[in-house]
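Data block below; observations after.
We call the chains A, B and C, going by the order they appear; numbering starts again at 1 in every chain.
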């Protein structure tokens, strides 16, 4: 009955008027910021940190957490409406969400995202309440070799992301891996592909690439062909999912939640992979796999659930071990220290009200998100019917300011322009950017873990098969690779015969 | 021309991959190869660069074998103006401040649209947008930039 | 004519600077690291207190990148008028020149020291299951298994990497250096036992030590830390000459006007010594230094010389 006592403590902490108010403020701010392309939760939380100094620690943390998952949610809205993924997680949401929007089903896509996020958030809150400490112990079992094998699996999954030619999918993945290597090599400290620019010493930020390739690239392409666009948006069907939609989204939401929770607890950056993995999995198992990339509702439901579950689960290593698995969590830890609380294993026992208050507030926050966003859907849908020639300068402005705010440097704005040109080229050549973005995330992590694993094993490559987790992941990768390649090759043969 | 290019998209994409791949290999020459048990910083980039080069060649070959769609016209106006507007924004932001940088970005990029008219309505919307950004980002969130930079100070 | 005009403007500018009471507009504090780390925390602790004292906003500008070189270069290029200064760490002031080949700032010539703000010893930590339970045991183990024990660090050329190198040099041992992207993943692998040993900032590991998830073998200060009264110093454990602190200090661009520098220095020292701030800092393991600019210059010179030697002797170069 510990759980009930804990949850009761959490509710009495989180449901005070002050905490509810700041939870709402955080969620609202987060959504607003997430909707603005480019402006992410890291910059926002950093800027708002001083505001929280006057608050109680638990109140401050509730508000900051609200900004975090609010921003995750808001990011999907932009991805669906204007094909602008501001976070790694919403890259895949944009694939089918944006297609749905162009088919006049923007409202349904947004509602699906909201419902999937809410379900995943709720499930994950219970997961944290039930089993945070043992889960964090499990997560610690993942060594460098295991992470490397996980990245291999991610690489296989990235092939599934592409809907066109296999050759171009491979090309874009490798291009992404290479772009991800820009910056200082972790193992040797040597800057690579940086052309002696200190601004490239830490690599290119994901958001810079995404804003350039998706944002600017899309704008340039749309400007060329303005008549098309407004036409596609005239017939907006119902805003809410139909019975059929509901039926199709349930299983993907469940699978996405499970996958997101599992990957999210890994402190070594698993949460970033969750939405990609969920999308790839869904595309493989779905009965509607042919619709993926053309506006499949599963392609929105699964990654959105996985993304929110992963975001929520990344609190587990932060709260139980004091380990940040992403920059937002690092900021949260900074905020805790500034409030005189030392994050770590002792938080749960020494500050139970803080721990359980935060856990419960996450669920309340997710409820706020749902309540806040369902009525807003109509407004958003109307927003994209604004004539494009008036809308696009605003998008461009938010992209530019957002990208600048990442590190307060104009160089990121220049790089965004460069990637905008590249993004337009990709579009013209039918090279899909989504696999490239996953490669971009995987590249540096994969190399880092590979080299660290070999360094620690004194150069023995057998670690990858003797460690059970790693071996299991490699077997799954091999099976998945066969499952991915076979149909593609078969299709190719058929095509050859047809010609 | 002995062999006609049957798939121009494959042709150019192949060139793009091969270009990036070769560049990666060339740049990584200086990075130290190491050994397969203790890889140097040049190992991974060289392997990836070679793979990309191979894929580029494959795509290149396919351009002459498989049939593909034409590329279509390039939106030079949009490409140049949107890129220029963004670069100008980055260049102006620190010295001139947020407001002039935004005005430059909006005016230059808007010129790329055939439908955009520089009328009162558009100017009004621009002012609203600039004011919104100034309020939200600088006043509200405390973004460390000035509204009017040092260029406008005596 | 043009030159005359420029000279006149310059003269007027200077005049207005000296006569107007500093500060009469917002002041930018550059932090050359991302928000959330130790250096950022120090800056965010003093900013609101300075704002209160001077009645002008003190805005924090996180200019992360190239282990602090980007932010430091921005400070170098800022006008030396007191409206831009920086809070940075040991790496920016004393290590980067030996690690980065094309550094665009000189930590002595381009920066005007104001004060060392805080310092904290590093802690030699291991996983509780690791074979060595004390410094002598660790040294014995290292001698028996040269190049077998893994030392996690927060990056190649980081202060904890160099502390490990110094430790090896002073004890005549060697280990495998395993760099990570920052301290957090290094600590994660120590907690899990994937890596064996690490020198970490005390504030980053204190909660794990108290919870028994990491074992502290020694602190690198010249005296024991009040947070870990039972843990010996390296000197007590028999390793002399390896007292190391990680430190955060405040500096402006070279050539700050004397009156502005004096005012800023007094303000920052007062902010650091604020009882509430002092308690908060000491609770997480920092020691308030708040000395004079001259003391900082002298200390910085010592540190530069020391790390130059460690890097030279250890042949630490970026491949």
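Quick note on the criterion: contacts are C-beta pairs under 8 Å (C-beta built on N, C-alpha and C of every residue); 3 or more make two chains touch, one makes a residue touch a chain.
Bear in mind that the values here come from a model prediction, so they are computed numbers and not experimental data.
*Asks:* May I ask you to sort the chain touch graph into line, ring, star, complete or other?
*Replies:* Contact map by chain: complete.
*Asks:* By CA centroid distance, what chain is farthest from subunit B?
*Replies:* Max centre-to-centre separation from subunit B belongs to C.
*Asks:* Central chain, going by Cα centroids?
*Replies:* Central chain is A.
*Asks:* Which whole number of Å gives the spacing of the CA centres of subunit A and subunit C?
*Replies:* 33
*Asks:* Quick check: how many Å separate the C-alpha centres of subunit A and subunit B?
*Replies:* It comes to 22 Å between the two C-alpha centres.
*Asks:* Taking each chain's centre as the mean position of its Cα atoms, how many Å separate subunit B from subunit C?
*Replies:* 36
*Asks:* Which subunit B residues sit where two or more other chains touch them?
*Replies:* Residues 31-32, 40-41, 142, 144 of subunit B touch two or more partner chains.
*Asks:* Send over the residues of subunit A in touch with two or more other chains.
*Replies:* 50, 187-188, 190, 408, 455, 458
*Asks:* By residue number and range, which residues of subunit C touch two or more other chains?
*Replies:* Where subunit C meets two or more other chains at a single residue, that happens at 61, 319.
*Asks:* For subunit A, which residues count as touching subunit C in their complex?
*Replies:* Interface residues on the subunit A side: 42, 45-46, 49-50, 53, 140-144, 184, 186-191, 196, 198-199, 201-202, 267-268, 317, 321-324, 327, 330-335, 337-338, 340, 342-346, 407-409, 448, 452, 455-456, 458.
*Asks:* Write out the stretch or stretches of subunit B touching subunit C in their complex.
*Replies:* It comes out as residues 31-32, 34, 40-41, 142, 144, 154.
*Asks:* Under the definition above, what is the set of subunit C residues touching subunit A in their complex?
*Replies:* Residues of subunit C touching subunit A: 34-37, 40-41, 44-45, 47-48, 61-67, 69-70, 73, 99, 102, 104, 148, 150, 155-157, 176, 178-181, 184-185, 187-189, 191-192, 194-195, 203, 206-208, 210-211, 213, 280, 283-284, 318-319.
*Asks:* Please output the residues of subunit A touching subunit B within their complex, sorted ascending.
*Replies:* 43-44, 47-48, 50, 167-168, 170-171, 174-175, 177-178, 181, 185, 187-188, 190, 192-193, 216, 219-221, 223-224, 226, 387-390, 392-394, 396-397, 400-401, 404-405, 408, 410-411, 413-414, 416-417, 420-421, 424-425, 428-431, 443, 447, 450-451, 454-455, 458-461, 499
*Asks:* Please name which positions on subunit C make contact with subunit B in the complex.
*Replies:* Against subunit B, the touching part of subunit C is residues 9, 28, 59-61, 319.
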